[in-house]
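The following pair of complexes shares a single chain, subunit A, combined with subunit B in the former and subunit C in the latter.
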Partner chain A sequence: MLSTEFHKTIKLDNIDDSLKREILEECDVDIEQCIECGKCSGGCSNAHIFDYTPRKIVQLIKMGDEETLLSMDCLWTCVSCHLCVDRCPAHINIPRIMDYLREKAYKRGIEPTRDKVELFNELMLDSVRKIGRVAEMTMMMKFNFKTGQYFKDADIGRQMFFKGKLSPFSPKVKHLKQVHRLFEDVPHKRGEVEK
Partner chain B sequence: MNVAYFPGCSLHGLAREYDISTRLVYNHLGINLKEILDWNCCGATAAHSLNHELSVSLSARNLAIARDMQLSQVMAPCAGCYSRLKTASYELRNNKSLAGKVENLIEAPAPVEPEVSNPVQYLIEAKGTEAIAAKVVKPLKNMKLAAYYGCLLTRPRHITEFDDPEQPMSMDLILRALGAETVDWSHKAECCGGGYAASETAVVVDLGSQVLESARREGAEAIVVACPMCQTNLDTRQQTIEAELGVKYNLPIIYFTQLMGLAFGYKASQLGLKRLLVSPFPLLKSKGLI
Partner chain C sequence: MNDKAKKALVIGGGPAGLEAAIKIGQAGYNVVLVEKEAVLGGTLRQLYSSFPRWENPEELVDYKLQELEKLPSVKVMTETLVDSAQRKNDMFLVNVKHSDGSTEKIEVDSVVLATGFELFDATLYGEYGYGTYPNVLTSLEFEEKLREWDSGEDNTEPPKTVAFFKCVGSRDPSKGYPYCSKICCMYTAKQAGLVKDFFPDAKCYVFYMDYRAAGREYEEFVRDVIENKHVRYVRGRPAKVIPENGRLLIRAEDTLMGIPIEVTADMIVLAAAIVPSKGTIKLAEIFGANTDSYGFLQYDSKNPGKAGDKVFFAGACGFAVETLGAQYQGAAVAAEVIALFNQENLEAVETPEAQYQGADAATEVNARFRQANVGGK
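== the complex of A and B ==
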């Protein structure tokens, strides 16, 4: 049986173009330039695990289906390899659109399908917010603790530690006020309204 | 020749051998790397994933410091940092309204002046392979290497303006100048899984295994990289991939600067070769390089 999820009727005479205009304004990408050649999806590193391939994402934008776009799983499995935009003859910047949609979903408080990816990003930003740099070892320990995977990669971690690849020390930025200023309007958590 | 140097968090942490070897070979070629004073993290995937303005402003602060240091060229060895700095530079030059917001955040004019390059790019463009070959005292004879570029050294082309993103050759040319042979292989510009090593390990195991398999198929004895993420993913996840596929790759993942250092006559101990998980020593010994 065909999944209704993937085979919604597209009402061509009833399309909301506000998202299309928003993408043009915010991401400087004109979706109308897409010629639907599919090179983006053919090249995509992770298309085989995406619920919506880049080509479908473009169509969803044309349809104005924001609900699907903000909750789709591929927002959290896109590796940002830039193959899609690099090969696109119409210069549709899919990675920029993915970033924009992810940021929007995050600000709206929409729960991600891959909470570990979101958590990893948050922990990394927390570190940069606090000391201006990433404290790799501390961040990895926090990640394992918060996800309840206390022994995840313990063996690799041990090998890396003895190779000197994981250091408990991380130098701070001296002029931290300058870094804090960049973070003033950046939400700490999903759904947090900007100041 | 003074160049602003942006090491990024990895080169001060898990990829210190890349930092050490880059400084050594650049210095050997007469390039004076000046570390950007009090630099901050580029924000990597975390920042560009969740906040575009933050991502650009983090890099903008670093570029502004380089400008204050009177340096017109910034070189970032980490492909991730390179991509963020180069993208920020592009955005600041082309997106006036964003540039205005960033100027307010960093309290300085948008740093549109400095040019950003990656370490392969800078060597090829500023020095060329002949200058590199002229410094070789210990050629990498009979070595069959797979030069791996991954994603961000060359993509997207409108931002990097470097090499051919489909079939890049710049690192191959450097390795050949060192006396090595490089293989033609299908995955030199495919993705290793990037920043998902901890959060979605399956993605790295999947994509990384394809890269390893392609290199093995062409008879490569090692994979040569210019990115700490590529190195870490292919090196630290190799055992997991081997266990999952029931194959033994035993492929050392070596930074191109470490091999340059060896060919220039530096000792293995000066290049941090011991820090790689899959040991390159049996291979280097068999070629008479150590």
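== the complex of A and C ==
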């Protein structure tokens, strides 16, 4: 794995461009269009907690360093705010790449570096599976109870409730079957490879 | 030649010199074009292809030579060197030496220096092994290689990996020159792209600090090479070349990641800096032209093509320039020379009445021009 601390030499000869091609085919993102300007990293809303900034992630793809990409911490701290792609002069869709890498890590059974992230995603997907949408209040309460943070959002939750921003009722969507169809190809457990 | 007409001496038959000679000749003045090589075309003739349009430079040279042939007022002397010169009244008395050792004296009214450039001596970079490892070439030697690949003259096993080093002698005050040689980014992109055209399976790396593509269609050209021809640009200046099992191991840093990298290449092309030629410095002394601290001809901000009294210059003897820029400069100094000659002819008219008539005629022309263009005001 790539280590910036010990300056291990990377041999470019050993790099094939399969990951680059994979990203092009699967995500429709041509990373050769990256002009290495760093606008994505400069404006990244979570760069302060990222181990690899968006520009470096693109660079890692060029280097074919899948091992680093699938185990990096920022894979689970990226909130997909889309600031990077909105500002990118070369249309590099980094959130799409991050989604793809997360999926790939999940299918491979690679344990996320942040346990709460996986729980959060599971609760969210459960909610979508059940009613076709995210029941915000229910999901938030479930998440906080399961992680032992009982009073974390109590104050802001109360305020939002009285302002009508948070509803305890989340009706099902009309065509739940169509939502279920979307889930057909999605693995239910980490490491469960696509059929 | 018209004996009464003024005469200009153009030294150097590259794109800048050709352009200047043709334009001065087309304006009706006499020109002597002196070239040290046996053929005209200068460095342009050595090139396999051009940027940003992938054109064959020979076509451009041939076209210019055809134009030149139509002009009886332009005399071409190849394999000829300027030996010495003196100023005599308003003229220059120039001694030229032909290849057979014979000399000739010519009188001219103005001089255009278009003596081109030399490449930086890459052996000064011991770490790259130029001159020691046979597959480390300069960019001009690589143009020759491209020709050989094209003609089938070189049918040895094609390289699996070719690496290009930019800024060899440029942007290096320690071993080379502090300036940017301006054209290397573009011709390196061109050469790397051509490698991929010849050998699509070959890997092609360009080591760069940044690519400077300031020109019409230039940025698009470099992006095309990166995105469509799939040349890999690696940011960082190579540190060392080490021979390894008949190949060349390159050590560098990927400065975008901050990690050391290695790559093995079969051929390395050095984009050596553009430096002034020794001949230019000598000619500048002969004709009393100013040079800067590097030896490039020095310009006057008010007349950018002027290096001294009745001495003009165009092309890479002034500073690194691409073909198109050399052509522009050649045409621009031709205008300087023509304007100078016209002015001198007007001043030479003896009587005040004739001068007045001349001025009057000019006023008449101006008035007609204004009438035609801005409605008679």
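Going forward, the second predicted complex is superposed on the first by the 166 of 195 C-alpha atoms of A that agree within 3 Å, B and C clash if a C-alpha of one lies under 4 Å from a C-alpha of the other, contacts with A are read in each partner's own complex, and residues count from 1 in each chain.
We adopt the following convention: a contact is a pair of C-beta atoms (placed from the backbone, for glycine too) under 8 Å apart; a residue touches a chain by one contact, two chains touch by 3 or more.
Please read all numbers here as calculations on a predicted model, not as lab measurements.
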Superposed partners subunit B and subunit C on subunit A - clash or fit: fit
Which superposed partner A:178 touches (first subunit B, second subunit C, both, neither): first
First (subunit B), second (subunit C), both or neither touched by A:39: neither
First, second, both or neither for A:160, with subunit B first and subunit C second: first
Subunit C versus subunit B, contacts on subunit A by residue: B
Touched partner set for A:125, first subunit B, second subunit C, both or neither: first
After the two structures are overlaid on chain A, angle v-u-w for subunit B, subunit A, subunit C in degrees (C-alpha centres, nearest 10): 90
First (subunit B), second (subunit C), both or neither touched by A:63: second
After superposition on chain A, the shortest CA separation from subunit B to subunit C (Å): 20
Residues of subunit A that lie at the interface with subunit B and also at the interface with subunit C: none
Subunit C - residues contacting subunit A, complex: 161, 205, 223, 226-227, 230, 232, 234-235, 251, 254, 256-264
Touch list for subunit B against partner subunit A, complex: 9-10, 12-16, 38-41, 43-54, 57-58, 61, 95, 105-107, 151-152, 155-158, 165, 190-191, 193-196, 198-201, 203, 207, 236-237, 239, 274-277
Partner subunit B, residues of subunit A touching it in the complex: 28, 45-46, 49, 76-77, 79-83, 85-86, 91, 93, 95, 99-100, 102-103, 106, 114, 116-117, 119-122, 124-125, 127-128, 132-134, 136-137, 140, 143, 152-153, 156, 159-160, 163-167, 170-171, 173-175, 178-179, 181-187
Contacting residues of subunit A [partner subunit C, same complex]: 2, 4, 7-13, 17, 30, 32-33, 36, 55-56, 59-60, 62-63
